[in-house]
Structures are given as structure tokens and as C-alpha cells.
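Before we start, here is the structure in question, set down as C-alpha cells.
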Amino acid sequence: MEPIKKFFTRDKFAEHVGIELLAVSEGYARAALDIKPYHLNAVGIVHGAAIFSLADLVFAVASNSHGTVAVAVNASISFLKATSSGRLFAEASEVSRNAKLASYTIRITNEQEQLIATFQGMVYRKKDKIV
Amino acid sequence: MEPIKKFFTRDKFAEHVGIELLAVSEGYARAALDIKPYHLNAVGIVHGAAIFSLADLVFAVASNSHGTVAVAVNASISFLKATSSGRLFAEASEVSRNAKLASYTIRITNEQEQLIATFQGMVYRKKDKIV
Amino acid sequence: MEPIKKFFTRDKFAEHVGIELLAVSEGYARAALDIKPYHLNAVGIVHGAAIFSLADLVFAVASNSHGTVAVAVNASISFLKATSSGRLFAEASEVSRNAKLASYTIRITNEQEQLIATFQGMVYRKKDKIV
Amino acid sequence: MEPIKKFFTRDKFAEHVGIELLAVSEGYARAALDIKPYHLNAVGIVHGAAIFSLADLVFAVASNSHGTVAVAVNASISFLKATSSGRLFAEASEVSRNAKLASYTIRITNEQEQLIATFQGMVYRKKDKIV
């Protein structure tokens, strides 16, 4: 999994948002985000787009973990609980995969293991190898 | 619409991502994003989460434009065309609204007015006024 | 468009639900459903799954209208207004299309042209021709 | 759970589609569908809308299982595997619930316990009791 991890160090947006990749295996990824003031929205809670960004990284890593390029086709997110401080975690698991398409479920939790949001994503799988 | 615009200057995440709010009216908002290196993903195209962030701001502004607080319940995004430079625009329009719930469609386009992504979002409408 | 219309006369579930295909052109379809007692749910309003079925037919027809087989990958529906009698219409329009994937928006309306639901769908496009 | 089961015997569309409710408990429901010729689409596989209908019933039952009326706000479905005969099952579990909103995940499987589709749904919870 080292080539995959190294590949994702090039993800400039994930870096800009402050996301930390914790673990990768085939069809799986886990990441964390320490909530900072710049993650908050106008009412002082963690921005939905910051939560989406965290979920999207593990979606990308898990779907590219088989060694070929996967591109996101669509994604949906449900926001279940507001939060404003501490550390958030996202964990992706693979729901289905064939030669062309694969789908993933991502759970976003806080340090108390409460569910903050759920995310579903689908990718189109290309033939190109990840180098 | 000035109180709404002013309210959203407090959105720290939108500021961190570099989103510029262009226009607001009842049930409507438009914003732009100048693509910078930090918006790119590991393969050098604009990150899905950066596009989501742009769409999410106009979703939030349009749904809060009636003067009471609206919180996002869920959102889905379809990624239609890859892009890596220039300026992106997002425009929200209100699809439906009752006392409790409202839904919005957001179109994300590039400078050539090509459709980059579409976004659907639903909010729960609280009684609290936006000050 | 006659071969497409003829092809969809084989759709047994659409027939079972009572859906009537009204119009087809490239990337477009329109259908109607006359509400009958068997379309209602436990509280006496039109069942969400009946509305989904109507939307799904125009999604299928529009996405297969280019003459090659398209299979649904995912779909989402938002329920905006309850209804219990009369005639419903669904109209599909193509949002994007490339060699592999295409996406569609479907509006479901009543006879007063009020929006009852909105539906988004994505298909994977095969090489097989529709005969 | 008997009042809930009895309540759903009034669901005329579920009956029309041939769905059989198997089990109900708080936040949970399970149902089955024996595939008949009228469930097939134009290419002879089970219609996406038939699968949606099966999933939608357990979504409705699980979300109404707390004894107050819940109405569907939106739902999304991903189609993972085609099928054309045998028996399908849908199982709903509650992902989150507060006074106003609740969300559910539904897994649709075949007799070999292969995943056919996944479904996510959100409801708005009313104060009205189910009688």
C-alpha cells in the first residue's frame, strides 16, 4: 500500500484542508481531521464541505487502492450530527466492485464514536495503472 | 440581501477554500472560485471536494436567504467533466420550499459555460432568524 | 424513435404499474400515470415507489434513446409534494453524456404543473445496440 | 409491532407489486419479493423500480416503527448486480434519528446473500400517531 499512500501525498486539496491519511488496505482507507477555526461555517459548526472533504479523501484512496485509476462519478452525503471541535475520522469500505464501476460507504465519526455523517460514492474504474 | 451577505463573511471554510460570493436574492445565490494549485487532487485536476465546497456555499446562501436559519440535511453531487484551470461558477436555484424543508439544485460551470458538476441539496428550516 | 418505443413495450413492470409512454426523442422522454387505488400507500397518498417507477421509465427510455443499451447505475429522488388523485407526468432531460456514462434529470409534475418530485439518474453505456 | 404490521396491510402499492413484509421491530424491517414475469424490464432483468419498491417498503415500515408518522423526504439507490429470478430480500436499519429527521440504510440481497442494491433514505417525522 506504500505506492498508494505516496500517490496521495500529491493531493494538494486534502493537504490544504488538513486531512491526515491514517491507514490504507485493498478497498479500505481511514483518515482524520483535527478541527481548526478555518473548518467552521457561519454559525460556528464544522462546515459540511469540510466533512465532505474528509470523506472524499478516504473514498478516493479506497477506490484507487487496487492499483488502477478510479474517478468519482457521484457522491451523496447525509449530515446527522453537528460538531464544532475535536477530531473527526472517516472510514471507507467497499460495497461492490466490477471491472468498470465500484461503490463505497464512508462513515464519519467523532472521538466519542458518534456518527456525524454518512457518505456514499461511486467511481468509474479506468485501465490506467497508478505509478 | 446585505444582512445575508454579511452573515456569510463569517464562513471561515469558504474563505479558506477561496470562494467568492457574487450575488444573492431570495432562493438564489451565485459564487465563483479561481482555481489555484491547492485546489488540485493527486492527478492534477480540480478536487471533487473543492467543487463540492463551491456548490455547498451557494446552497447554504440560497437556503438561508429567506432570513431564517436552514441546516443541510443531505446533498448529492455528480461529476460530469474534469477541469484543471480557470474560474468556476456555481449557481443555486430553489426547487421547492415549505415551512420545514426546502430543496435546491446547483449547477457548476466553467468559463466556457460547460457543465462541470450538478448538485442537489435539501435543508431543514428552523424558526431562528438570521441576525 | 419507433424502435425505442417498440423496445419499451417489452417493459413488463412499467405495464404492471400502468405507465404510458407519451414521447421520445434523443436524450428525452415523457410519460404519464393515471392514479388508481393500487398506487396508494398506507396513508392514502401516491406511493413514493409508484412515483419512482414513473420517473424511472423516462430515465430508461431517454438513456436508451441513442440506440445503444444503457444500464442504471444509481438514482436519487426527492419527494416535494403529496398527491392522491389525477394524472402525473414525468419528463427526462439529458444533463451530460460521454462514451461510458450519462446523467439525466427527471421532473415529476401533476396536472396543475406543480412539481411533485425530482429524480436524478446515472447510467453506464454499453456497446450493445438496441434491436 | 402488530399495529405497525396491520397499518401496512393498507399499503396498496406494495401489495400490487407483490411485496411480503417478514419482520418489524423498532427501527428495523425486513421484506421479500418473489420475482415474477411482471417484475422484469425490457431486457428481461428485474426492473430497478421493482427493487426500489421492495426497498421503499422496509424504509417506510422501519421509519414508522416508532409509532408516529414519518414521511419520505428523499431516497437514493445504487444498482450493483442484475438478477432475473428467485427471491429478493430487503432489510432496513436505522442510521440516525432525532425528533424531526431520521435516516435509514437498506440492503437488497438475493437468495445467495449477494448484494443486489443499496438504498439510503431520509424521513421527516411528524407528531401524528399511527393508529
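By written order: A, B, C and D. Residues from 1 in each chain.
Quick note on the criterion: contacts are C-beta pairs under 8 Å (C-beta built on N, C-alpha and C of every residue); 3 or more make two chains touch, one makes a residue touch a chain.
The structure presented is a predicted model; accordingly, all values stated were derived computationally and were not measured.
The chain pair with more C-beta contacts between its two chains, of A-D and A-B, is A-B.
Centroid analysis (C-alpha atoms only) places D farthest from chain B.
Note: centroid distance chain A to chain D, computed from Cα atoms, is 28 Å. Distance between chain centres (mean CA atoms), chain A to chain B: 20 Å. Touching of two or more other chains is recorded for residues 73-74, 76, 78, 122 of chain A. Across the interface of their complex, chain C is touched by residues 7-8, 10-17, 37-43, 47-50, 52-53, 56-57, 60, 69, 71-79, 82 of chain D. Chain contact summary for the complex, chain D toward chain A: residues 76, 78, 80-81, 95-96, 103, 105, 115, 118, 120, 122. Listing the residues of chain A that touch chain C in their complex gives 73-74, 76, 100-101, 122, 124.
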